[in-house]
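Shared chain: chain A. Partners: chain B in the first complex, chain C in the second.
Here is the complex of A and B:
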């Protein structure tokens, strides 16, 4: 108990310095927490993806389509419960910087394959009844202030022209890990237009979504699908939705790695700052240590004091940073919802924060503690002057 | 009278451990700052050098990259007959009709990535003087032979010389490897356009590239292409086209880098502040003595500011020194805008050096300002008594 009191007294002996150091740790922990959350947001698509859904696409690459005729063949495969399909539309709303994912899908089956997109029954009915209708996620509709019945025009990049859509429903995610920034419309609308303006590109889909009857059947179904279309003009590649999303992230892997490395650099920076503080503290207190040694305290208990002091400072900063992470993350997710639709601080991040603080405290105290242990009594007392 | 700079330098040397720790904190911040800017600069440099100024790219109106574009054969022939197209050696027009598709290839390491396959014509080679064959030979027109860029040969599996790839129910043999220097072409696979179109069942070209007979003729060519009612096409200078493709990614990197360094610099500034406050606190007696000797308040201020600027300069130099080694690293990642693989190097430019040094000095200045003010405001008597 007495030792704890000494630790706190020592830690806050020089208020200005301790305050600055704690502030530094707070900022570092905050930055570290936000960076880990950014990485988490990057992987949110993988987390939300189901392992019992399969995605089938052209084996050459995602830009090549598959014929619509495959839908019936896939449906016949054992273990397949539902098949839906869609295309990446890649439309631009007014300006390129207003980015949001927009797909056309076969609506009836899509809603069944993705039960996590919750749409009220009257809105669902209205959407299904209108071929030019679309549904938008709650966050997306809020971002552009769209109301039910509004007409929205997208400029096609892959499918040329201006395309008009009418908002028929706003979906909500079943829980907070579901992306609420998507724009979904009828595949028929795209297909019928393509039949008219460029028949070569009609009756083609970008990807099939397959719901399997039991999750453990997924690998077998994936193999059977690919085997069915082997040696055809459009060979397929079928994988679980998780693996499919993972593939997208792997492409920008270099950036994720960079952010990860940078999040460790901030820990190193603050380690240098705290080590500096501890070095100064011990330098000032060399005389105290000499007196303690004279009284019979060993090097060990002095080291414990220094490590403890470093720990007190680091943990105070760490807790302040952890508390601040939540409002910061909220502000962050509002401004960056275009890039990161899901932005949640995870429990793992908080544990990592704590671990980082402990590491900072430990490494920062090593050199000062060694110095304090080694100092001879006479030399220490001489400095007392 | 000014206090000599030597005084500030000696003081940093006297408290080496503290100096090293503060400088290394600053150096890390400068390192991150410089590295991110180098990444953005490298990306942009790669894409800008990919284009050449008297080449024109023609693609379908509204599409943002060649992959999305489509040009009918008839339309391509109309563009080919424009008077602004340069005439090459054997009286042939320097215009290439190309097709660009993406294929997924396994990367060395892990995962797949999208690689550009470009179907080219004979005219494509003289249009891209950067492209040089480094191994093997050129593909023969009309065969299932391909040549690959050196970044692809290095970064992907199974695409070395004599390797085979299969797509479109055919096997394609790699017969050559080309080096296109620091350009986007190094991340591409080239084959005969007619073979590639046939294999992928694409009846239309993706883009047309031609050389202007006179660099100043671009506006005329652009108007001719964009106002012709038979064409729904858009023309851009090749340099402009590739610059546009790097914009989003470079902007993303810059924003990310700047917001990170601003946050990190708070840590480093605090470090400098702690160091300088304690430097002042340890030397109250000295400050009093100097004031008593007749040094003015502003000389004291200058001496302490000089000390913290020195800290900043040391941090900046150390950070840049480490960052300069990043130039040896090649990054290969997917460009969001084209959705295809692109390899580029970290590039250190003079501008980045200046920015990083300025940033570092500003960190030192901010960190040292308050402590230096405190030192300069001390009253002589009190300072001397404290000593």
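Here is the complex of A and C:
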């Protein structure tokens, strides 16, 4: 097709200008993609959380504990399938900068409530059998080169002292949205130690995790749990895990909103840059378009060439940016895996890249195309020479 | 005296003014004249006298304020934009001072350009374009881009593009205005031959007497008025 031939050659006629514009789009799409991925990483904890799991914590604040005796009462509530519990341990590995989430949990029930943490049967057996054992996510174990049988010492913060653990298993996420940087050990180990050194702090848990038998029962079960402990010494607050995690994230919500806005501002800026390029090329070619109109080509042909040229430039930049997003995201996740355990470029981000490129192409071409179509032939020809 | 020839162009009471802000600047005043079939007419006049405007009107790329223009019996002032575009594609071949080739297209592709609006197949288009280039002796420049050719060669490509659709009338606006003497003579000879050998009706705007000398009839335009005498070329 003739228009196709002309628009492709036009797009790369002024190599420096097209090259710089395409480079700009590439960088913008790359920045957009990375920012979207950061936002995605932020929310992935929420996404992974199951709506059919409940988290029960102290109603006053997450930092106050609940008695272990609640476990039995919760188990008896209708709709509850499994109850597990745990404490945020907050231990430090050698140095503060080695940050990773570490919890103690009731291991048997925890494995059942969180089937997305996949552990091989022998490792699972070894973990359950060793009261001082722990399991680590695949990425965490790889980061510190821990091998099965290694002893790892955490320095307690909330629970003072040096705590030795033996690596008994390395879990994998069921899919790539599962955090593989967690450190999990036996609640019994913590509790028995506390019984010895600080009896007042024994028999307490930070949170209960409840699996309900059907997701639609979750709201009723949450109400029942909280009603059961109403007017007791430690009242509870029970939410779906998703809501619980969102509460965590809400604190940083303003930052996420800011990142989101910046990602769209990047697109707006590049839109203006491409619009400027298109305005320049179209102005230079007003004479060419006038000739084509003289020869009998209609406004539609002219529009096809201008929108097409804009599209070629935008898509070339977009694809380059998309391709570069992957290595960039990999580098990003390697340096920032502490903060973003899950850092993957989602299909949605790529679709958004593409959508952004189409919008850039369209809005950049709209005014130049209108002008080129409207200008009279005699007027256009006079601009030549 | 030869038998009277049929008029291919009949212009009646044609007027046009350009509007600058609220001011109307008249450019053509009540022009009436005919162009005979097979004519080679030179339209002369000083710069700014309205030659280009008149040529644009009779070629259907500009609109008059009043008056009628019949070309081959069709009143082109009554046609819509779209009809006019279609009419131009079928009836007019254009040659401009600055050749006006599409810079990203090779010579043969430039010549093919108007054929894209016809029903010709890809192969037929190429054959027609190559034939037209042979007629202007440029078969050896087929695959060259405009910037790889001299001014005279580019103008020959433009002539090939103008004749490839076999139009009713050829219009040329200062076709030698940007060329050196030798190239200008070449182009004029080519136009003379198109007129003499192929019977093409040609309207050429020029202010160069040497160019006008080659035409059969010369008409003078001055400040938008056409001299009455449709004089046989006195030069």
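Note that the second predicted complex is superposed on the first by the 346 of 385 C-alpha atoms of A that agree within 3 Å, B and C clash if a C-alpha of one lies under 4 Å from a C-alpha of the other, contacts with A are read in each partner's own complex, and residues count from 1 in each chain.
Criterion: contacts are C-beta pairs under 8 Å (C-beta built on N, C-alpha and C of every residue); 3 or more make two chains touch, one makes a residue touch a chain.
Because the structure is a prediction, the values reported are computed rather than measured.
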{"item": "First (chain B), second (chain C), both or neither touched by A:347", "value": "neither"}
{"item": "Partner chain in contact with A:262 - chain B first, chain C second, else both or neither", "value": "first"}
{"item": "Partner chain in contact with A:381 - chain B first, chain C second, else both or neither", "value": "second"}
{"item": "Partner chain in contact with A:27 - chain B first, chain C second, else both or neither", "value": "first"}
{"item": "Which partner, chain B or chain C, touches more chain A residues", "value": "B"}
{"item": "Which superposed partner A:293 touches (first chain B, second chain C, both, neither)", "value": "second"}
{"item": "Partner chain(s) touched by A:280 [first = chain B, second = chain C, both, neither]", "value": "first"}
{"item": "Which of chain B and chain C A:2 touches, first, second, both or neither", "value": "second"}
{"item": "Footprint overlap on chain A, where chain B in one structure and chain C in the other make contact", "value": "none"}
{"item": "Interfacial residue positions of chain C with respect to chain A in the complex", "value": "52-53, 56, 61-62, 82, 85-86, 88-90, 94, 96-98, 100, 102-105, 109, 113-114, 116-117, 178"}
{"item": "Interfacial residue positions of chain B with respect to chain A in the complex", "value": "17-18, 21-22, 24-25, 28-29, 31-32, 39, 60-64, 67-68, 101-104, 110-114, 167-169, 200-201, 203, 232, 248, 256, 260, 263-264, 266-268, 270-271, 273-275, 277-278, 331-334, 336, 339, 341"}
{"item": "For the chain A and chain C complex, residues of the former touching the latter", "value": "2, 5-6, 9-10, 13, 287-288, 291-298, 376-378, 381, 384-385"}
{"item": "Of chain A, residues touching chain B in the complex", "value": "16-17, 20-21, 23-24, 27-28, 30-31, 35, 59-64, 90, 96, 155-158, 160-161, 200, 231, 233, 237, 247, 250-255, 258-259, 262, 265-266, 268-270, 272-273, 275-277, 279-280, 367"}
